[in-house]
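Have a look at this one before I ask anything.
Each chain gets a letter, A, B, C and D, in the order it is written, and its residues are counted from 1.
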Amino acid sequence: MQALLDDILEQVRPLLGQGKVADYIPALAEVPANRLGIAVFGVDGSLYTAGEARQAFSIQSISKVFSLVQAIQHSGEEIWQRLGHEPSGQPFNSLVQLEFERGRPRNPFINAGALVICDINQSRFAAPALSMRDLARRLSGNARVVADAKVAESEYQHRARNAAAAYLMQAFGNFHNEVETVLRSYFHHCALAMSCVDLARACGFLANQGRCPQSGEAVLTPRQTQQVNAIMATSGLYDEAGNFAYRVGLPGKSGVGGGIVAVVPGRFSVCVWSPELNSAGNSLAGMAALELLSERIGWSVFSPLNA
Amino acid sequence: MQALLDDILEQVRPLLGQGKVADYIPALAEVPANRLGIAVFGVDGSLYTAGEARQAFSIQSISKVFSLVQAIQHSGEEIWQRLGHEPSGQPFNSLVQLEFERGRPRNPFINAGALVICDINQSRFAAPALSMRDLARRLSGNARVVADAKVAESEYQHRARNAAAAYLMQAFGNFHNEVETVLRSYFHHCALAMSCVDLARACGFLANQGRCPQSGEAVLTPRQTQQVNAIMATSGLYDEAGNFAYRVGLPGKSGVGGGIVAVVPGRFSVCVWSPELNSAGNSLAGMAALELLSERIGWSVFSPLNA
Amino acid sequence: MQALLDDILEQVRPLLGQGKVADYIPALAEVPANRLGIAVFGVDGSLYTAGEARQAFSIQSISKVFSLVQAIQHSGEEIWQRLGHEPSGQPFNSLVQLEFERGRPRNPFINAGALVICDINQSRFAAPALSMRDLARRLSGNARVVADAKVAESEYQHRARNAAAAYLMQAFGNFHNEVETVLRSYFHHCALAMSCVDLARACGFLANQGRCPQSGEAVLTPRQTQQVNAIMATSGLYDEAGNFAYRVGLPGKSGVGGGIVAVVPGRFSVCVWSPELNSAGNSLAGMAALELLSERIGWSVFSPLNA
Amino acid sequence: MQALLDDILEQVRPLLGQGKVADYIPALAEVPANRLGIAVFGVDGSLYTAGEARQAFSIQSISKVFSLVQAIQHSGEEIWQRLGHEPSGQPFNSLVQLEFERGRPRNPFINAGALVICDINQSRFAAPALSMRDLARRLSGNARVVADAKVAESEYQHRARNAAAAYLMQAFGNFHNEVETVLRSYFHHCALAMSCVDLARACGFLANQGRCPQSGEAVLTPRQTQQVNAIMATSGLYDEAGNFAYRVGLPGKSGVGGGIVAVVPGRFSVCVWSPELNSAGNSLAGMAALELLSERIGWSVFSPLNA
């Protein structure tokens, strides 16, 4: 596996320079573009890394997985009264569909859906930002995980589109807390800084029927784990979820910070990071690395690749 | 497995009467509502059936899988210049998205996408309806598979919405043959009458890395098989693909005739049939049966369910 | 004219009870439903009234005319860089079109467009709510016109959809002041309480080539007056502007408080009030009264009606 | 008036070369670009012309006025069960709105609405194309008006988008005749070749309370005339109807052949022609000529312009 990871990074390194670092908020645009790292965390606790796997980056939308896990933990199936688990088939921040479907977001991985999940969590936790940080620390086994306050503030300053989505849902009766308060929590989640190693470890339970390989904590039931992975597989990569299934064939979740986590059920979780994005907002080199990985291990959830 | 199938049918039988047989064309509305059958076809060639597994029914949109296979066989990756492989996030026959995306359908399993695939096949085959029928015969090992001419004609008489989609794509330059001609082929594919046993066998290659378990024919490469299964997993059940992934966790494809095929990669293909549909247009009892099946075998592609 | 107005009210009075008072904010829902009044103000200064013509009501969207006038007064043609003057062809509060057209509202009489106009005015006036109140006082010649603070506050509490529109425009760079601040101004404008007499007088300049018949003040140029009337004629009655042109044939502007103002160029301005609305959000009896009026005077701007 | 028309053409002539001749069908693209003509036809029977006012051109969408007149003549208010009279607020050939509003077009001047009108007429006339030609001959007083068969055929060959709209309406049950048959009639109407003089005369009844100034024929009632003019005023210039009201202030109807007719109620009808179009599909020089005309006569229906 170590040789494989080294080889994959070598093969995708020439892609550096062909994507575009997210610049919709200034704080993200400052990240050096040519970073590249990967970490694989086995269900047996083994860890393999290559490149800048221990460099923290802004997890951004990968936090939506953890928010969803929190909501499932305390509210279970009930959350689906507020949102769906269908792919959205639209750019990740479109309001058209949200209005057409009367304020009910299609799934928890588009921004509107994640805001509803945050609204649900806001009603349960005294300090959602801290609860989320603690979950991230516990799942990753890294007690020093923190949110980057500068990033969170910068995102808040550029909150207009997310505020529009939240207010639209409020207009339809599907948002219960103060919009500004929930947005603050939401941006704190997005601003969590974690490394490939942190994230691969933190997602280990998704490859292990819901049980954290490190701590043994039962994060989700096996059935819930299937369900979260299913939503990742159909909706985890913005408007490129279908392409990710087609090329990589694994449940995954990306963030505009350049990270992508993916899951090989029963075997390992993986996180790759490279800040330059493709036109769909996913890490350009990260996509390529995961495609190579699934090819080389001869495995996708949709079909074994080795005859 | 035999006991399992018997038990599953017994458990879902009470659902009969709670759905609604498709009635958008008269020929389909005539089917008796309370039918129920299932067939499982192992990659080792084993076959298990329960209920009316040998009763032929109208395969309807399940034919979209075979059309896609034909197109991949002769044109490969080139077909993606004409359509996408992203979930649509819209009711299966919406024109909104098609116009917004300038005549490029999102995937081959919405009607617009299947029409483009038929248009591609029309340019390759002298008699696409016959080529398709022969493929269905070859894959199922049943030389008596035929299209129901009455159903095909009835669908043609009610072609308005599909004609609208085809003409809209033609307006965008993404339709090359005569609309009426392609619609005739398309409805012949939909009108193929096959049983659960026929369909389970015909989809065996999807569970077997692309190789037909019966004949040994290499229908697709392992990589192409992953890709078709991936598209089925993200887009195979109309606007309920996410829910199918969430509940069943297998690649699948449904038709308004009440059939659903699904794939357990490396193990078996399955076809269930019950004509009454739920509000999303998928077989009500069929969905329940497959959910039970995945639970009982403790397997979904997204996570093992047995701790 | 006096006999005509009396007769018109008598004829439409049976319609009372067939509409529905706006109830999207509690403060509006409290208005007694069966009110009915009309006032006609001639360009020669003559005034005719019937029914409850001196009872103040919430002018709501009729204020959009005055906001637009303010913006034209200080910024002229420049405002059309921020919004259009095309009919919207959508329910008055839809975000779909706003997103599709990248944050540029279609006209100043849909909510999004009025919010942009308020944003423009916010950049010019130290206290837009007071400037507007003073304009309303000056144009109506009634120094006691005030905003109903309770209505304004109630609207602010139910601001979600308007906030969504404003934030969406901000996301597209077409909103320059704080959303919350502009919303406060906007709701103060809507909450102005004026009577039919007040409004007929205040709109006199629209029938008089831009000059206030009472004070002689040149509010707009003749050309600008044509333009404002043109926008009223094509976009003044929500999604019923075409029907108003078809049935009444005059430039007009309605509000959900049940008021409608209309203009007979060169002759008079008119305001009718009845709180019960039709399904398009326009005063049910008010529409009928204006249709009768245009028939009985044998005049519409689109064609004389008397052979 | 003669001097005025000469002066107007001189002023707008420098605009020739700045627009773009319609080229969506080859037959239209062949028209020389630098043509310019105007004709004014008074309700007293007087006629003034300037430029190439007697050169026939393809009337295209101006025919929608005559189709509507035919439908009103035989079916009256009943036609509004099939379509609306609201502005569309969308590019003239969008299907989005048509699908959203379940196959009911917004007005008779968008293509979908004109197709429904043709469908209505198809059910009434044995040979709609001939009935329309005869109406055009009668109203214009020119017995040699004919459709250009080459243009009609070329449009039929490029029918895809109109066919899509017709089939979509058929899918919603709002299209009763064969799509192909109605399209043939529709394109024959569009292909009528008439001059500015023909069209100004043919629209004289719209300025004359429904009575043809030449023949004295009562084409429509005064009330119906108001209604047709109202629809022209709110929906007659594709997605620029609001701008036409704002700048010109008269009911009007344009065609992609470069013609625009307009109406000064009680005074005259006018037709201007110049084949180069602006980005909204309306004659560039024609718009400018009509704007000058309304300014110079000091008249718009929305307000007199001379103080």
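Please note the rule applied: a contact is a pair of C-beta atoms (placed from the backbone, for glycine too) under 8 Å apart; a residue touches a chain by one contact, two chains touch by 3 or more.
Given the structure is predicted, the values throughout are model-derived calculations rather than measurements.
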| item | value |
| --- | --- |
| Given chain B and chain D, the chains that contact each of them | none |
| Angular offset of chain A relative to chain B [C-alpha, multiple of 5 degrees] | 180 |
| Interface sides of chain C and chain D: same vs different residues, half threshold | same |
| Chain separated most widely from chain B, comparing mean CA positions | C |
| Chain C-chain D separation of Cα centroids, rounded to whole Å | 31 |
| Computed distance of Cα centres, chain C from chain A, in Å | 48 |
| Separation of mean Cα positions, chain C and chain B [Å, integer] | 55 |
| Junction residues of chain B - those touching two or more other chains | none |
| Interchain contacts, given as pairs of chains that touch | A-B, A-C, B-D, C-D |
| Residue ranges of chain C in contact with chain A within the complex | 94-96, 99-100, 159-161, 163-168, 170-171, 175, 179 |
| Touching residues (chain side chain A, partner chain B) in the complex | 84-90, 97, 106-107, 206, 209-211, 222-223, 225-227, 229-231, 233-235, 239-243, 245-246, 249, 251, 265-266, 295, 300-307 |
